[in-house]
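In structure tokens below, several structures.
Both of the next two complexes hold subunit A, though its partner changes from subunit B to subunit C.
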Partner chain A sequence: MRKSVGLLMAGIMVLAMVLASCGPALPEGCKRGDVKVGMVSDVGGIDDASFNQNTWEGLKMADEKLDVCAKFIESQAQADYEKNITEFAEQEYDLIITVGFLLGDATEKMGKQYPKVNFGIIDYAYDPPIPNVKGIVFNVDEAAFPIGYLAAGWAVLKDPADPQIGYVGGMQIPPVEQFIVAYAAGAAYYNQQKGTNVLVKGVYVGDFEAPDQGKIQGNSLIDEGVDVIFGVGGKTGNGGLTAAKERGKWGVGVDVDQYFTLPNEKDILITSCMKRLDNAVYSVVESAAQGKFTGGDVYVGTLSNNGVGLAPYHDFDNQIPADLKAEIDAIVQGIIAGSIPTGW
Partner chain B sequence: MAEPGTSPKPTFRHLVTALPRWARLALAAVLLGVILAVSKWLVLVLLVALGLWPLVLLLGLLALAAISARHGGWPWMRDRLTSRLSGLVVPVLSVITALLIGAIILILTDQAVYRAWGEGRVGAGLGAGMANLVRAYAALYQGALGDPIRILGAIGYWLNGDGLQPLLNSVRGPSDTLVQSVPYIFAGLAVALGFRGGLFNIGAEGQIGVGWLAAVLVGMSFSGLPAVIHLPLAIVVGAITAGLWAAVAGFLKARTGAHEVITTIMLNYVVFRLSDWLLCGPLEAVRGTCRTRDILSSAVLPRFLDHPVTLHWGFVLAIAAAAATGWFLFRSTWGFELRTVGANPNAARYGGMNVAKNYVLAMFLSGCLAGLAGVSQGLGITRNIALGFRSGYGFDSIALALLGKSHPVGVVGASLLFGVLRAGASRMQSVAGIPTEIVQIVQSLVIIFIAAPAIIRALYRLRQARRDEAEVVVFSRGWGA
Partner chain C sequence: MAVQSTTADRPRTLALEPKDLLVSALMASIGVMLMLLAGFGVQPGARAAFTDQIIGTLFTLPAPETLYVIGGFCLLVAGARLYRGLGSLRTVLSWLAVFFVAFAFLVWMTSGTSLNLPGMLQATLLAATPLTLGAMAGILCERSGIINIAIEGMMLTAAFAAIAFTSIFGSMWMGILGACLAGGLMAAVHAVLSIKYQVDQIVSGTVINILAVGATRFLNLRLLEPAGMSTPGHFGSYRVPVLADIPIIGPLLFDNQPTVFIMLILLVLVNYLIFATPWGLRMRACGEHPRAADTVGVHVNRMRYISVIIGGMIAGIGGAYFSIGVVGTFEDGMTRGQGFVALAAMIFGNWNPTGGFLAALLFGFADALQVKMQILRPILPFLNTPIPPEFLQAAPYILTIIVVAGVVGRSMAPAAEGKPYEKQ
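Showing the complex of A and B:
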């Protein structure tokens, strides 16, 4: 018996050596000559139905359409960021995309450690710039402003006696505030144009992963008379949309066209405020694949380059009055032209 | 080592004990100085040895065989091996079994396998699954222990005078493993010490945060202090702050009987939310980063070698903490009291021990150890603290304490195992596209098998447990106990 255990262990040892030495030269599914692109997620994970996932969508698109090989590593903790970036850099990846401002510090340190590797970081920009790191940021306020206008118009249409719009936010951090401030400014612009008095109310829950809290706050907003809820903040914001659905009110999605990602709430979404991480990442990877990557600068997603945008009205396409739609289009053009400030 | 009693010649040990006290101290100081001076090379040797562990094991066996020649050959060697390794049989078989089950899960979750099966190509599907499995486990191995061929090649390079960098690159895996195990060792010791004192400390996660935060705060202030003062100060303040934080739960239990499971969980939430506010508010260095300033260089736990080998002095601290915990629990009077209270508070009270004091003390020490996990991360790796620093070390540590049977040596072993799995996971994900979650499955299976050794014994038809394995450790008691 003991002998058999010993034999087993010897076998495992040999196997370990063999396994270790026949290790792969290339990652799975990569061809020689591919541009290798690695993505390091933050602690939210690749399936967060939000920005990590959306970034990965862009990379997958690049993997399919271009001579690009894309891989990802999910970080489990703050202490893992540098280690995971090192993993890709040591495997001689050409471009490493780090997702989220939480990786700002690790990306900066590793960017300086590996000056020959190109980096792109979502939602962050460096001042002073780092020559091999490209910031990828989004003027989400450009899309949130017309959405505030639309929500106000919808509230006036559905609840003329007491029109109010609201939001359920995640943490009160600048990337979230950027949505909210412009959303409120859009509603204020509506009031100014139409002489109405649409109120804007909302809460920051302080968490991105608390749909139950988001729902509770959404319900209390509705109790106070809110007609349209803008859910900004991962799963917490989605909780706010759930409240709107259950109470027969309306909602606005965020980051992606949530008509497709929230099957339960899709029929109350008048639109979504899209932050096209996939388009942005794709275009950065494309430039790298063509050898035209530029570091030290910033990609800014705007209305004009489709980096941000309004999702289609979907089920509400027939219900939103044509003149309101026309006004929204005019505002979008105004923001692109720079004639309408978004308040951010 | 020769046995001092039987040897007629004066041994080294006798020579040393014969020296006067000052000379012994001086000798110790010189020895420590030498170790410090060559620590870089010692660590490099350690990492290479880890990477080439089968070779090292073989050398060890050969050495043992050489020694056994003087003691009567094979029977002596066999007895020695059995007595030393018998405790390892169940854990090692548990790991192997868990990896085998993990392999089955890997194949059964592989989309390529189902695609081939759907087209009726059963053999091809299995082949693809096996290929992916080999790729995944090879990546896991290399990520955690390095590529032995590459290490040997790099040593050749270095001997050839072509620099150390290839060798450093090749031992990144072993280094990552040790780095990952550092917080596990501290947090596992924390929970184990709590268990020994009859306390179930679920608050390690929060205490890690407190220690991390306090150490970083000290580390970024006091500019101008020399490192010999600043670094120990940051470490000690981090540990004690976390200890005091944990002692609150011990105090509540001692005074009011509030169960520590409830209080430590709730104290966790207090830390999480307070740190959210602190990091995105008063302590934020640059608006929009939710991160403190970096600590001053005088408070950094130094690394032994250059990038990408990130192993830092926290590892030495962790091993020292394990030794100190072992000494405290099993060699000191206070430790004896603490264990007695843990085993049976009523008997301890009857024996004249102060149960309340021991609850507070156990929580304080447990918190100090957990805090050191945060300290080592903050001063050794991240050098600041940011939103989202939480990592689950605190919750994994409960499993580690169980896995290590609440014994410091066991905890270190279990932490190294978790370190291996966690260090290899990211390589496995990047190379083979296998989610890191598979590693959590393997970890969980290992814990199940070790907690229920009868499964392993039945599977491999092992003999019944010996006396030492049958030792019962009180992990926790129910409500109101």
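Showing the complex of A and C:
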């Protein structure tokens, strides 16, 4: 009997381990001569409706249009980063895209360990540069600043007695702060232009995968009078938008045009602050496919190269006053021209 | 036990135990800290306004004066702790002090601005809901003699099942049912492993936790999402007519999502079941002295099966809170270790449902407090910086460690817990 128990336990353990690590897809469907590109996601999951998913969209686009074969491994925990990168490196992939600031240390270490493999890392730029690693960064502040202005204008329109805007952030790390600092600066710019006093209040949940906490904390912000919530932080931020929806307030999406990824909350989104990871990753992969990949430098997504941008107003297109829209457009032009600082 | 009885037998002296000195010193330093805050951390004459969504301003307090009074009260309690003659009054005073200190923090944060107090209490109750359900699951399990560290895994599986059932049957209530079944199923696995096969109960629990992470992730990614069934929506608020219109208390208790109501009802039922029915007495006997229970004709292992599975079903409702209760989607590992915090609440609450509920409220309040601190950003005097959010986010867990380490109070596990029972 003891033996059968042991077997049973072992069986369950093995099953658990296998299920817990949906391992790397075998390079099936790859043609000889294809440039092999591997993507190591952050813990949010490939289906996070924002960050990882958007990067994967860019890779899929490259897979279809170019002589490229793209695969991904999802990281289950921060401890998996190096292991997953090694997986691709050992299989002699040509280019490995690591998705996110939190993979910075792992990518640096593995980049030095595998000097013949090229790397691209989202949201990280190394100083001093590493010759085979390309940083892919985004001036999201350029898009977040006009959005802060828009949110402030909307709050004044809807709640003139006590206009306030807020944010529900994931972890307090620079790529998240970059959104929020510029968002607050945009609101401050609105106050300065219009002589209003729109307050900015916000919370960092400390987690990108806690929609329940995001919602509770979004409710907490609304309790304190916030009218527009900017959800910055994967699924946690989405929870903040859920709170806004339930309480009859408004929200701003992040990373992608969340009007299309959040069916339940789309009708309260006045816009989304887009970080076009798909475009950026596609252009990096394209350069690799053409043999023109350069390491040790940085790709910067900006308003002018469509690396970042404001999503359409969708359902609010008719409700946002024309003069506010015109001011937003002017600010966008001002930022591109360099005449308006974003505060980051 | 032996140590305790000698303490009781000893004639009551005025000698102080190290614990009294420690608590007293802690209280005194908190008192001094509050006085410093009053002097340097708030503007003189600043008022703290507490507001409500519907009523508007509830009351305002002069911030420095309030802090001085509460700080003084802490010093008083610190002194009282050293005087043994007060007996159990000292415990009451200590808890009163804890309550007032929490309030003092609120006043400090709010000085010169306003804070929505009922909203904060509502957030506390919400955060406490899965913790209380998890704690009750643990209590049912452990009171019958089976250690349960698999609450996390049961909740996670149930969170997933709730989404799946809601999508398939198109009803949230079917989702709750599915969550119950999934929780019960995982509990049944735990029960079979630990009762029939006498596997180490910690190992069995660990296996279930790991299995839940992998299985839910796999099923979600490969089945639910491709079928377009991963976003069935979530429960809205249910208003209890009339009662929900009572100011402050109404929105807090009677305008909530159903899992909160279920939790409150189960709290009463489980308390009754464990402490007021013959079944509860037998069940507890199985956890304290299974041989004795067996001698009088109680089927020990059958009792344990039933308790563990009922516990799993309750944990399942806790899991449903996370998915269909709040956001309407399933995310990998979305229970985020709350099952383990629920265990801490169970221990803090001394294996008693009401105690577990109060502990869960305390954890929930700590969480709500850190959120408000981030929103209001009170500036620490001398350091001239707001309290870093990372520190605040860690606060509930630091509290948990303190509780589990047994610094606060003394909790007593069921005597026969973790020991398999074989009929002789």
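One rule holds in what follows: the second predicted complex is superposed on the first by the 315 of 344 C-alpha atoms of A that agree within 3 Å, B and C clash if a C-alpha of one lies under 4 Å from a C-alpha of the other, contacts with A are read in each partner's own complex, and residues count from 1 in each chain.
Criterion: a residue touches a chain if its C-beta (ideal position, glycine included) is under 8 Å from a C-beta of that chain, and two chains touch if they have at least 3 such contacts.
Since we're looking at a predicted model, the values are computed, not measured.
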Query raised in the report: Does the superposition put A:Val203 against subunit B (first), subunit C (second), both, or neither?
Result: second
Query raised in the report: Between subunit B (first) and subunit C (second), which does A:Gly343 come into contact with in this model arrangement: first, second, both, or neither?
Result: neither
Query raised in the report: After lining up the shared chain so the two structures overlap, which partner does A:Glu246 touch, if you call subunit B first and subunit C second: first, second, both or neither?
Result: second
Requested in this report: Could you look at A:Lys235 and tell me whether it touches subunit B, subunit C, both or neither (first, second, both, neither)?
Outcome: second
Requested in this report: Return first, second, both or neither, reflecting whether A:Pro263 touches subunit B, subunit C, both chains, or no partner chain.
Outcome: second
Requested in this report: Please indicate which partner A:Leu221 is in contact with in the superposed arrangement: first for subunit B, second for subunit C, both, or neither.
Outcome: second
Query raised in the report: Of the partners subunit B and subunit C, which touch A:Gln172 in the superposed model: first, second, both, neither?
Result: both
Requested in this report: Figure out whether A:Glu87 sits in contact with subunit B (first) or subunit C (second), or with both, or with neither.
Outcome: first
Requested in this report: Once the structures are superposed on A, label A:Ala79 by its partner contacts, choosing first (subunit B), second (subunit C), both or neither.
Outcome: first
Requested in this report: Residue by residue on subunit A, keep only those touching subunit B in one complex and subunit C in the other, then list them.
Outcome: 1, 5, 8-9, 12-13, 16-17, 19-22, 76, 172, 206
**Report entry** Contact set on subunit C toward subunit A in their complex
**Finding:** 53, 114-116, 119-120, 122-123, 126-127, 193, 197, 199, 203, 207, 210-211, 213-215, 217-218, 221, 225, 231, 233-234, 236-237, 321-322, 325-329, 331-334, 336, 367-368, 371-372, 374-376, 389-390, 393
Query raised in the report: Any idea which subunit A residues touch subunit B in the complex?
Result: 1-2, 4-5, 8-9, 12-13, 16-17, 19-24, 27-29, 38, 42-43, 71-74, 76-80, 82-84, 86-88, 90-91, 101-102, 104-105, 113, 171-175, 206
Requested in this report: Would you mind writing out the residues of subunit A in touch with subunit C in their complex?
Outcome: 1, 5, 8-9, 12-13, 15-22, 45, 47, 76, 166, 172, 201-207, 209-213, 215-217, 219-221, 223-224, 235, 238-239, 242, 246, 263-264
Query raised in the report: Which of the residues in subunit B come into contact with subunit A in the complex?
Result: 54, 57, 82, 89, 92-93, 96, 132, 134-135, 137-139, 141-143, 145-149, 169, 172, 176, 179, 183, 273, 276, 280, 287-291, 307-308, 310, 377, 381-382, 384-393, 422, 426-427, 429-433, 435-436, 460-463
